[in-house]
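Each of the two complexes below includes subunit A, the first together with subunit B, the second together with subunit C.
Then we have the complex of A and B:
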């Protein structure tokens, strides 16, 4: 389990390296998919099955479909992959930077293994994150209403931004 | 510093560096912002799961809702830019006439 979670942590870092090294947006979205999948694995390794499910379904299912659509909208004929020279320099630079910082902390890791949530208790009916998220409907009701209000406000912001060519916010000069 | 803490900190820093240094496309900057939000989600979830403070596990959900707001506003700006300027390269936004 420790090795598996370590593999997922490595996947998280390499996914963000793939995003940050400035390839074409198609491949950057692919790197974000890898990073999100590895993050789900990390959360499962810590016992947060519901939070991991939310990350996988909402984040990958909802947000990245929209990103793929926008990447198709802003397409370009010759996308740069990680093998191109301008991108490969940044990939190697970021990997080298991460390795330097790992070497800085080497030997000083506090705990190399970890326990999942609720693993040391005797009887658990609900997993910790499931019962915690359900608290959003009772004690966190005010914040839930604030979130709903913000999402509604965002709808009007998006409608106003993309309203039309002549009357919209961003217009050609 | 544990390996888990190091990993999401490094992920956040990598996303921040990508956002700060590489700005050819607007969509690349938005994807870097999404990567930073992903590392923040993982950080808040790990805080809940490692400390067993289960009442805190609503915080990543609310962060996900706010990051959806941020992504939708950014993508609306991207669509508006692609409509008016024809492309989403950030150097095009500097032009006086297009």
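Then we have the complex of A and C:
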């Protein structure tokens, strides 16, 4: 499990490096998908399997739509990626940055953050994240309603921003 | 924009700030900030002008980055110390990150670059909302975390903001950019004093809001967004234009006007805290700001630029409709200084 979680963490880092360094939306969105998948794997390693499943389904559902749209909008015949020198410089720079940060924090409070710390790894009826969801529907009801309200607000914001043709924000001038 | 949607957005703008005010938990405070950002975005692009859309995009990206940083710092604080309360942060990593994120939200010096660009792209009313109401929620958070932040960071950010705010405005000819730099400088003064006297910082914010409201509304009254337009603005409203000189001098912080009060009290507090050099440098950077305010004053009322005779009469023919808020804030901007002892007694001590 420890090896698996460290593999996921590596995937997360490299996925984010791919997002930050790739100029072509194909590969950047691919990096984002890899980062999201690896992040969900890390969550599973830390005992949030239900949370991870929800995140994977919903986040990647949205991400695939974004990926499809951005790939359709910015179709390049020869997209540059890690093999090309201009991008490779960025990749090496970001990896160097990650190493500097790792060296900075080495031996501090997250010495053992990749060890699987599932405090509920025994067979129990209520896992941490599932009981959290139950709590959200009982004592966190007010906040849940607030979140629903914000989603409604987001709907209006998006509709207002993307509304029709000559009245809208996104249009050709 | 439909009036229903407009009402919904304005309501949520209030809701976000109120939630951040009312919360003692980082997650709720973050939610309030996000609601605030979401609600202002369609209001910023209401004119559907490409500049406004560009400014909105810049604003959205910076605010989203700052909010993500706040979320990151508060979750790592909760992970390290098990504490979600806003004023109980203890880990230096979390407090420093939060401070930088709030600086980005407020437009303080090392991360201020979005501020002039965004304000310049918007119309004056939205710019006013952005530089007054949108400062309140992050400032409330800043007030609560300021006692746990490293004092060196606060002092550096504060002094750098007053310096950059004065320096950046020097060569500007666009009023909205000048007002943005003035906002940076004023917020720098507040951050400078917030670790010694939070009530004094709040008072400075309040007075800054009053002063900048009257400046924005006066510029809106004469529809001037550049110094050139300001030079002929007296033809539209001679009375308000002559008062605009005093409003600008009040923003600069000259003695018989309200703007002197926060600078006076802050300098006094800094000297009382045995930091005379800091007070000296802050006062010197205020001179930089004074230069561009004086330049505006010169353009507004101390000189009359040549013009054709028909251009000199608009104030006789079409009377300008002023906002009902403008007379109130202008009077407060000009004449609040005699109330300093009462305000000191009520607010500070």
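Just so it is clear, the second predicted complex is superposed on the first by the 138 of 173 C-alpha atoms of A that agree within 3 Å, B and C clash if a C-alpha of one lies under 4 Å from a C-alpha of the other, contacts with A are read in each partner's own complex, and residues count from 1 in each chain.
The rule is short, and it goes like this: a contact is a pair of C-beta atoms (placed from the backbone, for glycine too) under 8 Å apart; a residue touches a chain by one contact, two chains touch by 3 or more.
In this text the structure is predicted, and so the values were computed from the model without any measurement.
Shared-chain residue A:9: touches subunit B; no touch with subunit C.
When both complexes are overlaid on chain A, the residue A:150 reaches subunit B and subunit C alike.
By the document's definition of touching, neither partner reaches A:57: not subunit B, not subunit C.
After overlaying the two complexes on the shared chain, residue contacts for A:161 are found with subunit B and with subunit C alike. Applying the stated contact rule after C-alpha superposition, one finds that A:96 touches neither subunit B nor subunit C. Counting the residues of subunit A that each partner touches, subunit B and subunit C differ, and the larger count belongs to B.
Residues 109, 143, 147, 150, 154, 157, 161, 168-171, 173 of subunit A are contacted both by subunit B in one complex and by subunit C in the other. Subunit C meets subunit A in the complex at residues 1, 5, 8-9, 12, 28, 31, 34-35, 38-39, 41-42, 45, 48, 50, 53, 56, 80. For subunit B in complex with subunit A, the residues that touch the partner chain are 1-4, 6-8, 10-11, 14-15, 17-19, 21-22, 24-28, 30-32, 34-35, 38-39, 41-42, 45-46, 48-50, 52, 54-58, 60-62, 64-66, 68-69, 71-73, 75-85, 87-88, 96-98. For subunit A in complex with subunit C, the residues that touch the partner chain are 109, 143, 146-147, 150, 153-154, 156-157, 160-161, 167-171, 173. The touching residues of subunit A, counted against subunit B in their complex, run 5-6, 9-10, 12-13, 15-17, 19-22, 24-25, 28-29, 32, 35-36, 39, 42-43, 46-48, 51, 54-55, 58-59, 62-63, 66-67, 70-71, 73-74, 90, 94, 98, 101-102, 105, 108-112, 114, 116-118, 128-129, 131-133, 135-136, 139-140, 143, 147, 150-151, 154, 157-158, 161-162, 165, 168-173.
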